[in-house]
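Presented below is the structure to which this report refers.
Chains here go by letter, A, B, C and D, matching the order in which they are written, and residues are numbered from 1 within each.
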Amino acid sequence: MNQRPRIAIHKFASCDGCQLAFLNLGEDLLTLARMTDIVHFAEAGPVDPEAAVDIAFIEGSISTPEDEERIRRVRANSRYLVTIGACATAGGVQALRNFADAGEWIASIYARPEYIQSLATSTPIAQHVKVDLEIWGCPVSGRQVLAALRALLSGVPPWLEKDKVCLECKRRQTVCVMVARGLPCMGPVTRTGCGAICPSFGRDCYACYGPAENPNTESLARRLQGLGLVPAAVARRFHFINAQAPGFAETGARRGKASHD
Amino acid sequence: MTESRHIPVQVPVLARVEGEGALELRVRDGAIEEVRLRIFEPPRLFEKLLEGRDYTEVPDMVARICGICPVAYQMSAVHAIENLFGADPGPWVRAMRRVFYCGEWIQSHSLHIHLLAAPDFLGYASVVEMAGKHASEVRRGLKLQALGNEIIRLLGARSVHPVGARVGGFHRAPKPEEVSALLEKLRAALPEAEGLARWTASFDLPRDEQDFTCVALRHPREYPMNEGRLVSSQGLDIPADQFETRFAERQAPHSTALHCLLDGKPYLVGPLARLNLNLDRLPEPVRELVDGLGIPFPSRNMHHSIVARAIEIVIALREAIRLLESYREPRESWIAIQPRAGNGAGCTEAPRGLLWHRYEIDAHGKVMRARIVPPTSQNQSRIEEDLRQSLQRFGTDRPEEALRRHGEMVIRNYDPCISCATHFLELRIT
Amino acid sequence: METGFLPRAGFQALLDALHRAGYRCVGPQVRDGAIVYDTLNEIGTLPQGMHDRQGPGQYRLESTASPRCFGWANGPQALKPFLFAPHEAMWRAERDARGALHFSEILPAAETLAVIGVRACDLAALRLQDRHFLQGKFADPYYAARRENLFLVAVHCTQPADICFCASTGDGPRATEDFDIALDELDDGYLVQAGSDRGGAIAAKLPLTPATDAQRSQADAELQAAARRQSRGLPSRNLREVLFANLEHPRWADVAERCLSCGNCTSVCPTCFCHGEFDETALDGSRSLHARQWDSCFTQGHSYIHGMTIRADTRTRYRQWLTHKLGSWHEQYGRSGCVGCGRCIAWCPVGIDITEEVRAIGGGGGHG
Amino acid sequence: MVNASLPHEIEVVERIQESPTIFTLRLRFTDPAQHAAFRFAPGQFNMLYLHGVGEVPISIVSDPEDEKLFDHTIRVVGRVTRGLEQLQARDRLGMRGPYGRGWPLKQAEGHDVMIITGGLGCAPVVSVINYVIRRRDRFRRLIIMQGVKHSDDLIWRSQYSQWSKLRDTQVLVAADVGVALWPWHIGRVTELFDQVVFEPSQAMIMMCGPQGMMQVAVEHLLRRGVAEDHVYLSMERNMHCAAGLCGHCQYGGKFVCKDGPVFSYSEVKALFGIKGF
């Protein structure tokens, strides 16, 4: 590539954690700045939200009317659009509000709810504009973001991991926490990419990387009930970080209202 | 001639809900009429999301409030819930939580100093520009940031939304080999961190003394992180669970973040407030380092915050080394918890200042109500007050660009959140 | 080739002899609620008295008063991860300033490793993996490097779990070949048998006493009882015909309702060999590491070719696993790919039982 | 032990754009000794490695007796092929091979050779056509049948016309969708079987393309009396190692990479057309 590709990193409703995948790159952050032209990345300095770019990375979900507008403009200005993280890809943990009366919630936190402009839902970017690549995870892994960047710099579509966490657990030779300890692990339906860190820390995966390809959520739900979870608890397993993701939304809903009645 | 200038500055800001905000300034006849730090990040409604969840899910949920200081959210939450259940996880857990927190301070402060604040004081638009002339300092900063992340990973597997913390302790105890490998790196980094402190102290920082109230935790022996009483520079000294008796949140029409006030007045939390109030808790070597910096702490110059952060990196590094040097692998890394109904508060020192949580939980361990007061909503009124004073002193007749930059620099001293403290953009006059 | 009796306390002498001969020893230890292989320097860390309870999707350890250190059936690991690494770098590519590429292989250091406590089923699996990785058209240099100096101490299995069926596949519970040393564990010590010259040399360094007939017959009786205790089984005949004659059997859809397509079964299976290769490239594109890791026919990528996935659903994936393992393996390696270790039953999160599925699909007929 | 997984450096000598999505790379080893030692048979394939991206199996289309270069004709479909597309003369890449079992060309001598392809530019069989034409007197009739989705997809058009003029050679081309002036059939290539002149008992059939097309063709040919082991097809499965180790290309008990990719119908018929294998 003769010209350095232009890159933007945009933020919507989120915790900023996925952008840290860039800020935590260390030496590679400087390499990235050398190889590309980072035109908009508010956290790191450059700000030009309306700039036309080759690659736009989007963090965060859409939860206000203004953001609905803004993401359209970003799309129009970007040749290749990548969502990073659970918020941008599946609506994020804040999408739990989609199950509730968000207006009532706002009223209970803010004394003057009329000041607060907000949609009743938190929705993924792909519900609003075309997305070229979705990188899952809450937060995304720096390794995956780097690999995607590298592929795009080589002019080829990035390769995405979509297998189950279980495979990575076994590669790490972690003892299965579900089989050996009866923990309600979400690994068998969850997308790998994190390195199967939860089971390696002796705990159950809570599905922060969203659904894997071909997830049998119903079978796992039955298994979790077999382990002693009541239906509402099973619902909460699915309705957590990626509550709106396909498969998780339905199986959770079928077991009852997750957290709020 | 009456000149009215209304100067909005786009600023992404952290708050209860961090993200986007703006600085609005109205100047009439050279006097600042109104300063507003507008936060319009869409609310993510975490307090409500928590309702109905099991207490065991809280640490993973609250981490998602902030990707830059998830450890702080997890720590305040586990303390609040353990207080509520009357559980004491014992000295190993206590020590490891401090180590965990040290990692976050080092990571967050290094990131702030190098990526956000230092370019301001040295006159660069971003760290990338700064790296040209100050390559070794930037590398040192990135290395310290990485080291902070590594400490978090030791106990939490990853640095953003770590997965190791639980009510009652940690899911897993590190292996002694991992601890000693890390210790070596920490020891090697100590001279670097001290160099960093001296470097920040050498900046030509604006002199701008102001009167403000500092609030921080205070512990009988240690530099505060996970526990202590709530104290202020004006004599406040109450147990942390009585926070609500003196501190109250108020909603401003221009913000989705609530403003928190102490007895109705603005106050400061964060590194400078912590240092000012805990100078006598510094370990001896740090004390000597601070004495040699030539800055008279306690300081009333908010621009000294960057130095306070660098000093806290040294404190955290030393503390992590001290605690890990006596590391023993425990039989169990967490205690069993017996839920009971009640109400409990927890307060810890996030990198950006006090982070207060309260939970009401039923007998089955289900969260009934939650309340979270993050550092930024506590600093928000103080930021506005500071802006008013410092911009007035700076000179309101200056070009907008200069006003904007100065305003941003002032805001960045509070490190309201990473996206807040950035180098932004165009200035619009309406 | 029986060589004698090693009193329980003399077991350390075996470790010491192996250490002196330059081996790193790995042996069974309790970790995270299961028996796994880990570096073994002291007999004190052996899982003495530990016993496992296994069932479909279930594994629990319990502590007993037994003095035995090998009174358990296999945990999740086999020999496989020691030879066919779950994840490994294969070669590195570097591009110099002129655009030329340089390739360098990354072979594992050929470690001299002694594995203590290997079961008969895993030795049978090792033979199958040897055939796959070493005896085909192209030998795998990575596997070969690790295989080269492997020393195997087998312990005949007297405590098969509920999920074991090695007796029906003819692969256990007695280890009959491919070990350097085999042990029968009795309450007060071990009957030692050398299976190779290397094994004989190590055995010669042990404080052995002559074995008694009583010891021998007790060991035999325990092994026979162990075989009898196995309640599960696969028909010993070649199942290839019957499986491929039943490719549209409704049971495939039935099991697909339960199966999570998670690949735990293929990962714990000691004979499964599938792996994927990929590149990890430096951000500036100068260097790239070509690596490989375990894959499974339960993944989408396993059967992806551009524009289509040959096995897009769980039904065809489960069918691939079973028809390969018990069917086409015969064509490839002259026998079934199942050695009866039962791991895929225990470590399946939803407890799918290969023997039961086979029976349902028409491969019944008991132990025949 | 030879490490069959390690690529060797090769160089692009020439790049030819055959169609909007198909291009040919003419290649040689950068090490002349390696180049001189390189031997292959038509139907065999190489693993091409694009630096930092990955490897793909690609058939060799050039003549085995061409000592200067070897050619690969590649269609852009995904990650690696898209990256390969960007290569220019003098660029370097990695290569290992050749792999697999090629076409039964020795056996085919003295037979009618019928080549059937479907889909976009089926490179593997073009090498057979060229091979037969260059050694024309060793074979009897040559029948070339090519089906494409759209008439624009047909690459090497002029070659098809030239081939059709050769003696004892029949060329039948079909496009599902044809544009004006398309001289050949509109419809499926398998609809043209009735026009084929050949001796079923003396024929060797070689085909590659979509499974559906091959299935229809096989059924027809068997009905016409061609023996099962005179019908050869080239199979495509996911491939990583190409050495029979990684397991991806298994087709029942066969490893496509080393037992194939060319199989006689009798070898694969048990599973042919069954979804999931």
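Keep in mind that, in the parts below, a contact is a pair of C-beta atoms (placed from the backbone, for glycine too) under 8 Å apart; a residue touches a chain by one contact, two chains touch by 3 or more.
Here the structure is a predicted model, which is why all the values come from computation and not from measurement.
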item	value
Pair of chains joined by more contacts [C-beta pairs], A-D or A-B	A-B
Gap in Å, rounded to a whole number, between the CA centres of chain D and chain B	64
Distance from chain B to chain A - Cα centre to Cα centre, in angstrom	25
Length of the line joining the C-alpha centres of chain B and chain C, rounded to whole Å	51
Centroid spacing, where centroids are CA-atom means, of chain A and chain D in whole angstrom	43
For chain D, residues that touch 2 or more chains besides their own	52-54, 78
Residues of chain B engaged with two or more neighbouring chains	none
Residue numbers of chain A (touch at least two other chains)	150, 154, 159, 202
Which chain pairs touch, all of them	A-B, A-C, A-D, C-D
Chain D-facing residues of chain A, complex	150-151, 154-157, 159
Contact footprint of chain D on chain C as seen in their complex	90-91, 93, 95, 99-103, 105, 107, 132-133, 136-141, 144, 244, 247, 272-279, 281, 285, 288, 290, 292, 295, 297, 301-307, 310-311, 315-316, 319-320, 323-324, 327-332
Contact footprint of chain A on chain D as seen in their complex	50, 52-54, 78-80, 82-83, 86
Touch list for chain C against partner chain A, complex	31-34, 36, 57-61, 75-77, 81, 86-87, 257-264, 267-268, 278, 280-285, 293-296, 299-301, 312-314, 346-350
For the chain A and chain B complex, residues of the former touching the latter	11, 13-21, 23-24, 26-27, 29-30, 33, 38, 42-49, 60, 63-64, 67, 92-94, 96-97, 100, 102, 105-106, 108-112, 115-119, 122, 138-139, 141, 194-195, 197-198, 200-203, 206, 208, 233, 236, 240-241, 258-261
